[in-house]
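One structure, pasted below without further comment.
Letters A, B, C, D, E, F, G and H mark the chains as written, and numbering starts fresh at 1 in each.
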Amino acid sequence: MDPDQLRSLLEQVRSGVVDIDVAIARMRHLPFEDLGFAKVDHHRALRHGMPEVVLAKGKTNEQVSAIAARLLENSSNVLITRADPECGHAVTQQIPGGEYFPLSGVIRFWRDRTIRGRGKIAVVCAGTSDIPVAEEAQLTVEVMGNEVDTIHDIGVAGIHRLMQNRERLSEARVIVVCAGMEGALPSAVGGLVSCPVIAVPTSIGYGASFHGLAALLGMLNSCASNVTVVNIDNGFGAGYVASLINRL
Amino acid sequence: MDPDQLRSLLEQVRSGVVDIDVAIARMRHLPFEDLGFAKVDHHRALRHGMPEVVLAKGKTNEQVSAIAARLLENSSNVLITRADPECGHAVTQQIPGGEYFPLSGVIRFWRDRTIRGRGKIAVVCAGTSDIPVAEEAQLTVEVMGNEVDTIHDIGVAGIHRLMQNRERLSEARVIVVCAGMEGALPSAVGGLVSCPVIAVPTSIGYGASFHGLAALLGMLNSCASNVTVVNIDNGFGAGYVASLINRL
Amino acid sequence: MDPDQLRSLLEQVRSGVVDIDVAIARMRHLPFEDLGFAKVDHHRALRHGMPEVVLAKGKTNEQVSAIAARLLENSSNVLITRADPECGHAVTQQIPGGEYFPLSGVIRFWRDRTIRGRGKIAVVCAGTSDIPVAEEAQLTVEVMGNEVDTIHDIGVAGIHRLMQNRERLSEARVIVVCAGMEGALPSAVGGLVSCPVIAVPTSIGYGASFHGLAALLGMLNSCASNVTVVNIDNGFGAGYVASLINRL
Amino acid sequence: MDPDQLRSLLEQVRSGVVDIDVAIARMRHLPFEDLGFAKVDHHRALRHGMPEVVLAKGKTNEQVSAIAARLLENSSNVLITRADPECGHAVTQQIPGGEYFPLSGVIRFWRDRTIRGRGKIAVVCAGTSDIPVAEEAQLTVEVMGNEVDTIHDIGVAGIHRLMQNRERLSEARVIVVCAGMEGALPSAVGGLVSCPVIAVPTSIGYGASFHGLAALLGMLNSCASNVTVVNIDNGFGAGYVASLINRL
Amino acid sequence: MDPDQLRSLLEQVRSGVVDIDVAIARMRHLPFEDLGFAKVDHHRALRHGMPEVVLAKGKTNEQVSAIAARLLENSSNVLITRADPECGHAVTQQIPGGEYFPLSGVIRFWRDRTIRGRGKIAVVCAGTSDIPVAEEAQLTVEVMGNEVDTIHDIGVAGIHRLMQNRERLSEARVIVVCAGMEGALPSAVGGLVSCPVIAVPTSIGYGASFHGLAALLGMLNSCASNVTVVNIDNGFGAGYVASLINRL
Amino acid sequence: MDPDQLRSLLEQVRSGVVDIDVAIARMRHLPFEDLGFAKVDHHRALRHGMPEVVLAKGKTNEQVSAIAARLLENSSNVLITRADPECGHAVTQQIPGGEYFPLSGVIRFWRDRTIRGRGKIAVVCAGTSDIPVAEEAQLTVEVMGNEVDTIHDIGVAGIHRLMQNRERLSEARVIVVCAGMEGALPSAVGGLVSCPVIAVPTSIGYGASFHGLAALLGMLNSCASNVTVVNIDNGFGAGYVASLINRL
Amino acid sequence: MDPDQLRSLLEQVRSGVVDIDVAIARMRHLPFEDLGFAKVDHHRALRHGMPEVVLAKGKTNEQVSAIAARLLENSSNVLITRADPECGHAVTQQIPGGEYFPLSGVIRFWRDRTIRGRGKIAVVCAGTSDIPVAEEAQLTVEVMGNEVDTIHDIGVAGIHRLMQNRERLSEARVIVVCAGMEGALPSAVGGLVSCPVIAVPTSIGYGASFHGLAALLGMLNSCASNVTVVNIDNGFGAGYVASLINRL
Amino acid sequence: MDPDQLRSLLEQVRSGVVDIDVAIARMRHLPFEDLGFAKVDHHRALRHGMPEVVLAKGKTNEQVSAIAARLLENSSNVLITRADPECGHAVTQQIPGGEYFPLSGVIRFWRDRTIRGRGKIAVVCAGTSDIPVAEEAQLTVEVMGNEVDTIHDIGVAGIHRLMQNRERLSEARVIVVCAGMEGALPSAVGGLVSCPVIAVPTSIGYGASFHGLAALLGMLNSCASNVTVVNIDNGFGAGYVASLINRL
């Protein structure tokens, strides 16, 4: 039962064709969403220009292409994550206007480049091996309409590099920090700035890194109070939340 | 060497008493902070009215009282976390103007009640057992100058209670969600709103909850993209970051 | 807005006082539950005679008493779990008709003893140390209106005891099996019967039992296909589901 | 010694050829099962029409074919799980009447389609990536003689989709819920219905999902009392138990 | 139905009072153990003089006393493990002839001191903190009728002490080795001797010993082929198996 | 310095060429093993006919062949474990008299088939998937000179199969039990017999079996006192210790 | 057989009373250490002035006092670790010259204060809660004859404090760094200096710190190459190794 | 702003062109490192002749070659770790003077072979499977200018081999010990010598070795006080720290 049906029911109530008790009974048996009563949302602005997002992993190249094509009919921007090179090639061949980023496995259709964020977002990583995750965050942040400042390779074991970037860091409104191994960078960055820091543990490392667990635990135990954490290698999630914050 | 010493050195340079090479050499041997070169901070506004925070755990009642008294000389607001009842009693007896909250173990001196946040922060918890952690978040959010809307006991197993609060949730600019056991509430809330959600796993549960590990893992794997996570039982951290975001 | 309000609104529609568009708009802004549209439930029978359940842990004795008293106004049966002896004493002193079971920490008000289950539920445990958890299951099963057959101390290391109970086991419609240490009993029982088996790992054991983890993992990996598992020490949950199944 | 031998022995006792003491001694040395004394089973109905089940993993295609061919001599229905495409092709080529389902890796011979379940079983999954596990459950439920209602992609982060399916869910007699990542769906479903819910954690996710551990822990800690859990990715087990319950 | 009943049934068969079919039917419905068909056991010698064993933990002092008193009616030797000092005192006060060992928490009634083992059992521990576990093993070994040679404090970090005991070690027929921390001693002992070594990890240690997990894992990965392992702190189990082996 | 050197030194002492103090000093500086002082070993019998053992994993086929050829010069029997088919083929091609067992990956040279064990060793496994590990145990037990009785597929979920084998089990002097998944079989076997049981967890299973961890923990927590445990999939180790025990 | 016995044996060889073959045979049967052949040690200097060390935990106050008294007869310096206040009081009352440090639980007898280290050892900690562990390291370092520079409270979240101490850090020959929570400080310190850094994870933290596991993993994964790690809370061990290095 | 800019600013101060307050203000806004103020380093000697180190893993062969070529312009020695054979071949083909070590995956350019260490470093491993990790340590130690003594295959299960190497071990100034499985060798070596021992757990083993976790935990819990630990398989790190210590 959609709004038209509701209107028609009410018209029958008005005209006396349908009894009030009957009308109530009929309404009781309807799932409320079918009434078209949309979720109240006072922050609709937050969602303007939001890209559609597709997870390529676990889908065939044809499925990804088909989904992307359909989404692009209504949405200017589409972000496809975790696509292997074959998928990247297939999709960008088949649908014009896309770009494939092999490091991070992202395919991006970025047609509406309006800036919607109110400040700059810094995307930082500790080592060169963390760049794929940082790139996923960066591509997300950009496609969601933000200026981004990417700073690579400023791990805590070379603290002078970090200090040299203090000013750039302090100019950001939100910072995404990607780090593997001991995952110490978010604490160090968090101590240098006053803004929110979103920490992304990466699965970089070996042995007792346990595929990112060491970094994850480190970040959750950060002694800097302005740090929150997302899942291991979840560059997209960090970029997404950073973008939400930057639109506030 | 403080700024005065730097000034005096430069004056000696000007007057020719000290050679330029000698001046450079002297400066080279100084730790740079002693020069009084403060960290550049473009977001100083973020820090106006920030409370001082003290962790009571591991300190004697006398130590907590002494630290609090000293901090209150320069800071309007002081938040003391993880204080047991004895400590709460001792500190509020000795220093006027404080209030002790036995559930969360917080002592709060809240003298400057200026609102600095730009919107409302919702602090939500899944079950009544999660209230202590939610209260720590709430008290933090308040003392940092925010309007707060607290909503208790809307766990996912009673999804109607959650749905009934949709509108209140959607009026918040940031939401802190505390949940133990399976930690599913942040995903459900995250799916209902467009704003950032900060998830706090609590150690509530038994058996395979492993003191909050189940909730923590659940939240890190949230299928809602607007969720970030802090440490188990870290109500303060969640409230702190929520406040930072709400000042942006 | 409750059903009366809805009726009144519809009457205004009928009388022409309220325009149809206005009526739709008003309805859109109401949380649907407030309309009194109850959840459709084709299995309402499942819920007749359901006891109210209270978790005593983390509540004061006064709180438990107050909640129990209030619940007993509308509900014949109330089950209070994880109550320590003091709480057990306080509640049974203050509210007549309750019984405290110190082994399992259950307080039970069992006023409506109608049998609602269609068969017998067996509650089995591997060793005497598992009895507290088995008792929690048994008390739950009883208060939910089931005949129960309790069989203690038939661990797999004494397989003859288990074999001697084959007939009793095969007469049950559902079986709850509580076991700590290696948690092997549910597999052995599951292999002997055709009915559903609900396995409850207990925290009984030491060293590499890791507080029930060994038993939990064992049960999840059961080679018997009719076994499902609940949380460590969750006798209540197992009894609850067994009762639901027995009402089907 | 089968029943005939027992009869012959008793006849020799009757005729006096064998002494009573000798008879007792002979019987003592026999494994009791060889006497043909079947396990007493009051729920034999539960087992009518049960399919034979084969785990393909770890067997050669020839072995799987041979086993299936032999089983099909006595059993109408055979279910082969965890078969890779090659195996699926080989078996269905060699034995007529089978169907291979590549998503879940199931080969099914479904010759007796009698409905034996007393109601409908719903098989639900949270995301499209969970469909392979849900399909394994669905195929099991069908081959065991049940009507099944499959509902895909109603994860908790899109709670409106879940709410829209309330009625379908409440019409089920048992529900199987498959979910990876945070594994929150069983709690949400469990809160909406009164019937037993069997939760299947899937290994879907990355990073801190630890191959299904996060979902497993979440489900074990469910705050909904009607939820029990099976092993990670064990769609077959969940379908099997659901079918047993539905026959009760 | 005991053997007498079986005899009587067979007599009725012989006399023609009971029909053969009826006799078979009656036998079918009996649990086979009730026929008195004891388990065949070719190693009965292994069990002569076996002590009865009681786990005190989780029982009241009265329960332990009562069980011990009853067991002592039929059994010469009784071993009670994990008894706290109060229990030790209560039991030895109430039942004459017992001895309490406070280090290991064992109460021992050792009335039949016949030597039944064919050789000597060595009980070895790595550090003085491991002595309680070693003592539990030693008391078990003794009460089961073995000569025992106890060697304390020969950890691998002082390898000369170990080497000095080579001869004593090589005179043992079985060796029990208790060690906490890194649990390396069983490998070193195992390399020095040709006999079976039973390794007992102890919970001695701190930090990354994780309550005996480090020692347990170390022993399971022993590079000496003659090492098997029991649960953490399970001195009794190691002593029990060593005694079984020594009786062979 | 070998025994000849020692003899020569003593001769110089006797002849007076070397002073006693000088002789003592020289001896002090020698590593004692170089003196040829073999380890005292009262159980030398244990080592007669011991096969040489080679771990193929991590070595090239050439290395394995070369090592095996060299060992076969002095040793009648050689056991090579964890060899892949290529290695198995290469070695048996190059050195006559060897046999390759593809299931377990063992290459065996078994030239001296003297029986040295005093009884029979049973090698038991729970499911057909555990056979490779059981075969490794069996081949080890045989090559070490024991009669072996192998019993497959008697898991606890089909307890009747287990009961049917009681007599065979009770005829063994030592039993090796291999089981994956929940690892419950050793407890059940241990309860049926009086002899030592050596439990081998296998990595068979999926999901929460965590590559054999569930089975390992289950076995370590066995409620049967005659069970000890070896590493996951360590069929060789279990067979080796069983053989040692059987020679005692 | 001590050196005198060896001398006497050689004299018998010289005098012809004992045959050379007999002498060799006798020597073969002696454990070599009994010959008094001390371990060759080219670094004896490393051990001059080493304190004796006693672990108080698990010993009675009387035992600790007795051991300490005996050790002090031959050793100038004695360090007793993990002593609770009662033990500290008892020992220092009974034996003059000792000092008890309640924070770290150390009792120290420091009578020989010779400096034996070649440089300065820095003992650094991240937060005030880490001071007990740092104090244990400091007291160890001092009693082993080293100059020590203690620097507290320079965690990575306040990186300016760390930078201010660069010069002091760079003057150390070895650095011990104690940190809990995320354990990031050793990496940051390691990046600032060229000397060896010994990292001590502390059990400080809550929730996902898992009693020091997070810090331990962080340190093991340090991206600074000059960092090695000791056990959680093992201040003594770190101080001991730092002292060894400083004597080189 | 580099030193020249600082000089020019100071010259402007001297000449009066720039006011002192202005100069201070300008300096305040500069990141201090840009001033060219190098980190104070009193142990610069430690860094003479340090090789440049490149991690090949995660880089293309071209990238590795390019980086190596550039580094070799300024540095005599370059060490490339974790290079697969293809990479090893590509780099050594393209850049003359390099050597590839396939076991450890190291490529080494060792042009400056000055000995800078003050003593010998022993690199020890427990089994032949640990040699790749030991080789990485050895190659690091050599390229950093140390004499190295490598001792393979002296695991604790063959303690005589270890004892035979006592003297060689005691001649080392630092010892690196690599061991997998139970990881017991560092404790045994640590007990034999007085010098610092750096333990490297290797991922060698199977089952409950959990990819080196067992060895890692064992080493962290070493009962020898002179042992510190690095990450699993981190032969490079151990060799690096050993070299630092040997330069002191």
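Assume a residue touches a chain if its C-beta (ideal position, glycine included) is under 8 Å from a C-beta of that chain, and two chains touch if they have at least 3 such contacts.
Computed from a predicted structure; not experimentally measured.
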Name, by label, each chain that touches both members of the pair chain A and chain D. B, C
Comparing centres built from CA atoms, which chain ends up most distant from chain H? C
Interface sides of chain B and chain D: same vs different residues, half threshold: same
From chain F, the most remote chain by mean C-alpha position: B
Mean-CA-position distance for chain F and chain D (Å): 39
CA centroid of chain D to CA centroid of chain G, Å: 59
Whole-angstrom distance, CA centroid of chain E to CA centroid of chain H, is 50
Between chain C and chain D, tell me the centre distance in angstrom, where each centre is the average of that chain's C-alpha atoms. 24
Among chain G residues, those touching two or more other chains are 32, 39-40, 163, 166-167, 192, 207-209, 213, 216, 220-221, 231-232
What chain pairs are in touch here? A-B, A-C, A-D, A-G, A-H, B-C, B-D, B-G, B-H, C-D, C-E, C-F, D-E, D-F, E-F, E-G, E-H, F-G, F-H, G-H
Mind listing the chain C positions that touch chain D in their complex? 39-44, 46-47, 53, 118-119, 166-167, 170-171, 173-174, 192-196, 198, 216, 220-221, 225-232, 236-238, 240-241, 244-246, 248
Of all residues in chain F, those that touch chain C in their complex: 126-127, 155-159, 162-163, 180-184, 187-188, 190-192, 205, 207-210, 213-215, 217-224
Write out the stretch or stretches of chain E touching chain G in their complex. 128-129, 160, 163-164, 166-167, 204, 206-209
In the complex of these two chains, what residues of chain H are touching chain A? 31-34, 39, 55, 58, 201, 203, 211-213, 216, 231-234
Going by the contact rule set out above, which residues of chain A touch chain C in the complex? 3, 6-7, 10-11, 13-14, 16, 20, 23-24, 27-29, 32, 35, 37-38, 40
